[in-house]
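For clarity, chains are labelled A, B and C in written order, and residue numbers in each chain start from 1.
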Amino acid sequence: MEKIREEIKEKARQALASKEVDVILAWEKGELWYDSYPAFFTKEKDIDSLVWDSFCVNNLSKYLLEYTMTDKKIGVFVKGCDALAFNQLVQDNRVSRDKVVLYGLPCSGMVDPDKVRTKNLNQGLTEIKKSKDKLIFITKDKEITVPAHEVYYDKCLHCRYPNPVTYDQLVGETVAAEGVLDDSVRFSGVKELEELSCEERFEYWDGQFSKCIRCFACRNVCPACSCKQCTFDDSDLEVLGKAREDSEDKFFHLIRAYHVAGRCIDCGECSRVCPQDISLEKLNRKLIKDINELYGEYQAGLDPSAKAPLGTYKLEDADSFTVGEKGGKKREKNSKR
Amino acid sequence: MSVVASSTSVKNVEEFEPLIVAFCCNWCSYAGADLAGTSRLNYPANIKIIRVPCSCRVNSNFVLRAFQRGADGVIVAGCHPGDCHYMTGNYYTRRRFSLLKNLLEYVGIEEARFKVDWISASEGNKFAYVMNDVLEKVHKLGPNRKLRDSRWKR
Amino acid sequence: MKKIAKDKLSLLWKKIAENYQLFLPITEGKVVNFSIWEEGAEVDLNTLRTVNSPKNIIFPQTETYLKFKKEGKKLNLEVVANKGEYVVFGVRSCDVASFKLLDNVFLDEPIDKFYEESRKKGLIISQACLNPQETCFCNSFGINPELAPEGADISTWELGDLLFWEAQSEKGKNLTEALGDILEEVIEDEQEKLNQLKTGIKDRLKDLPLAQINPETIGGDLKEIFDSEIWDELHRRCLGCGMCTYVCPTCHCYDVKDYDGNKGGERFRCWDSCMFSDFTMMAHGNPRTTQKERVRQRFMHKLVYYTNNYKSYACVGCGRCTEKCPVSLDIVKVIKKLGGERNEL
């Protein structure tokens, strides 16, 4: 990582110097060890503060929405999940591909500060180094080596796309998708819930939703939530009130999840930022699982020219709705489309 | 097809009177309701019909909002696949509401409370049957407390 | 000063809960928040900071003012029942200090009756911070987490197996008396140890990474700060979520809304966030149309407007925004930018 950091900086400097791009989206470091945050570089001299470390978890693709109406050319550094998000924004016609230069960054995972704190590795911490699949936590008087997967975010543990699926230039070498997640693991949380009774499921979700403080961080961090104005924010429509009321909490979460159905890249950012630890990934993955089972395997963000599952249909789609003696049979007489 | 009439005869004020909201597509299901009426088929007064141009006009918000504000059951009815007045609308309906139905079940809402069905203009019988069927099931389930806004007064 | 063995605390909870609604830091999943204690609840006194600040106990996220009901042509109004007396145990010094900042606003004329009542009925028991974290900077705002904070009715310190207990106010003394034998008198030797503990905490504060944060470094008058170019850069990464404002112990903006519930309804107040696009929405629209203006509003309020009105900063250095903001746009960075760093430019 340390090696690549210099390469990244060099790329960014060159891109700004040659006017290939007007602005570079990358990360910068704050006061604390875990504090890497999105930064916007327009001047070559500022690039010195650009950082690439194990805490650059923020997805920069979403910031491209800001530039959709300008004629600026933007350089963006993207990890595997960020590249999926980028494709999704292109597919949704929210970002134009030709305005962006993508610098791909293979990423084997990002470190969860909470896990570091739980392990008490942050006491007197001066530096964190990465060597292959180990992380070395260096304090004044000692070094502690920890297998990286022990401190990675849960969402990174079974990353299926550690290498960017799209890029103009790749920085560094590709990494192997080690913990490739087969569907049985990926959807295990969903399956567990599906097997419960209706009442048990309600109890679970009621408990989850009622924790919500409605800060909207899950929505705002989501790269699939790219509407100019969110329906929840439109006070004329009164779709959602501001009261902490159980029914409104449920309304918000169900509609949020449903609105990104078929467009959710399963990056796990919503669960990561949730201050109340609501299992949002179990909602998103339910929809992904159903889409896969009903309409065929689909990974949002893989192919920007693909049709979104809810934006298309097939004549032979499953139909479980109808009852009674009449109807229910698939009608083949019209083969429009 | 027999028309279930038992649940419609519930007139006791003390007893639970379900409220069902039915979103009916203008071209098929709404006409189906008309036919049920002109054919003097019995379907309960608990069903409140909202006419929509096409079943795919029904946003998932509408369904949840109905549940929030008083509905004990929600029905979305459209033309049979292949018969859509706008050629393809109900194919989208089919995908969207397959997912929504599963999602509602997943968060613990009783399956019978949300019904999607295809009812053509000539299916007055089926219209009455579906309405009665949903009402009966919802009646058994009791009032919707899971999604209703606690501040809402019936 | 009194003391109680920590393994007897559940007896204490029980006794307090007989007469009060008792709020304690309780673990739910991975999250610790203040919630109502019931027998068997998983109390966590070690976690330094709850995710939500305890402000939601005295100033709830949603609070109903009144209910109305239509009967024929008449509209009947019903005032919502008053809440009972309550005790909050385990409030950290920063959060205790935040109550004072809220008081400044809500108990200033015109007095907010709901808030006033809520404050009167509450009894605050503070808990000293043995292990201030790297995100803590309460010292920068003149808060001493080792001392009994002003505004707490009772202050407590943990020492080994013991919890020391000192009543500060009339209310606190009454409760201490009512608890009777559960609490024992502290002996001199222990008093000495407690003093050592306090000095230890004080020393630890100096080594914290954010100890040097100093809001006094912010120079310039209101207009200068308002027009500062730092906002152009700072706001850009803001996602526009309301997490900072909702977990913040001192954010206190609210909205008053009516809920139309068919045959009746209610008027309620609810927290609002200056980060939201519909914040202070008026008939003509919104006075702050970009995220830059919204971000600026939040920090100007905390560091300039509030200070002009009440002679103190509207931040207690609890570190919630430092830890929780998904993009690290926290008050520490703003203070640094407005202070020292700005002069370097």
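Going forward, a residue touches a chain if its C-beta (ideal position, glycine included) is under 8 Å from a C-beta of that chain, and two chains touch if they have at least 3 such contacts.
Keep in mind it's a predicted model, so treat the numbers as computed, not measured.
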| item | value |
| --- | --- |
| Innermost chain, where centres are averages of C-alpha coordinates | A |
| Reference chain A; chain at largest CA-centroid distance | B |
| Pair with more cross-chain C-beta pairs in contact, given A-B and A-C | A-B |
| Between chain B and chain C, centroid-to-centroid distance (C-alpha), Å | 47 |
| Whole-Å gap between the CA centroids of chain A and chain B | 36 |
| Between chain A and chain C, centroid-to-centroid distance (C-alpha), Å | 31 |
| Sites on chain C at which at least two other chains make contact | 259 |
| Junction residues of chain B - those touching two or more other chains | 149, 151 |
| Two or more partner chains touched - positions in chain A | 245 |
| In the complex, chain C residues that touch chain B | 69, 259, 261-266 |
| Chain B contact footprint on chain A (complex, rising order) | 190, 193-194, 198-206, 231, 239, 245-248, 250-251, 254-255, 257-258, 261, 283, 286-287, 290-291, 294-295, 309-310, 313-315, 317-328, 330-334, 336-337 |
| Chain B residues within the chain A interface of the complex | 1, 60-61, 64-65, 68, 80-83, 87-88, 91-92, 94-111, 115-120, 123, 125-126, 129-130, 133, 146-151 |
| Complex contact set, residues of chain C against chain A | 28-31, 51-52, 61-62, 134-135, 209-210, 233, 236-237, 239-243, 245-247, 255, 257, 259, 268, 270-273, 276-278, 281, 322, 324, 326-329, 332-333, 336 |
| Chain B residues within the chain C interface of the complex | 69-70, 149, 151-154 |
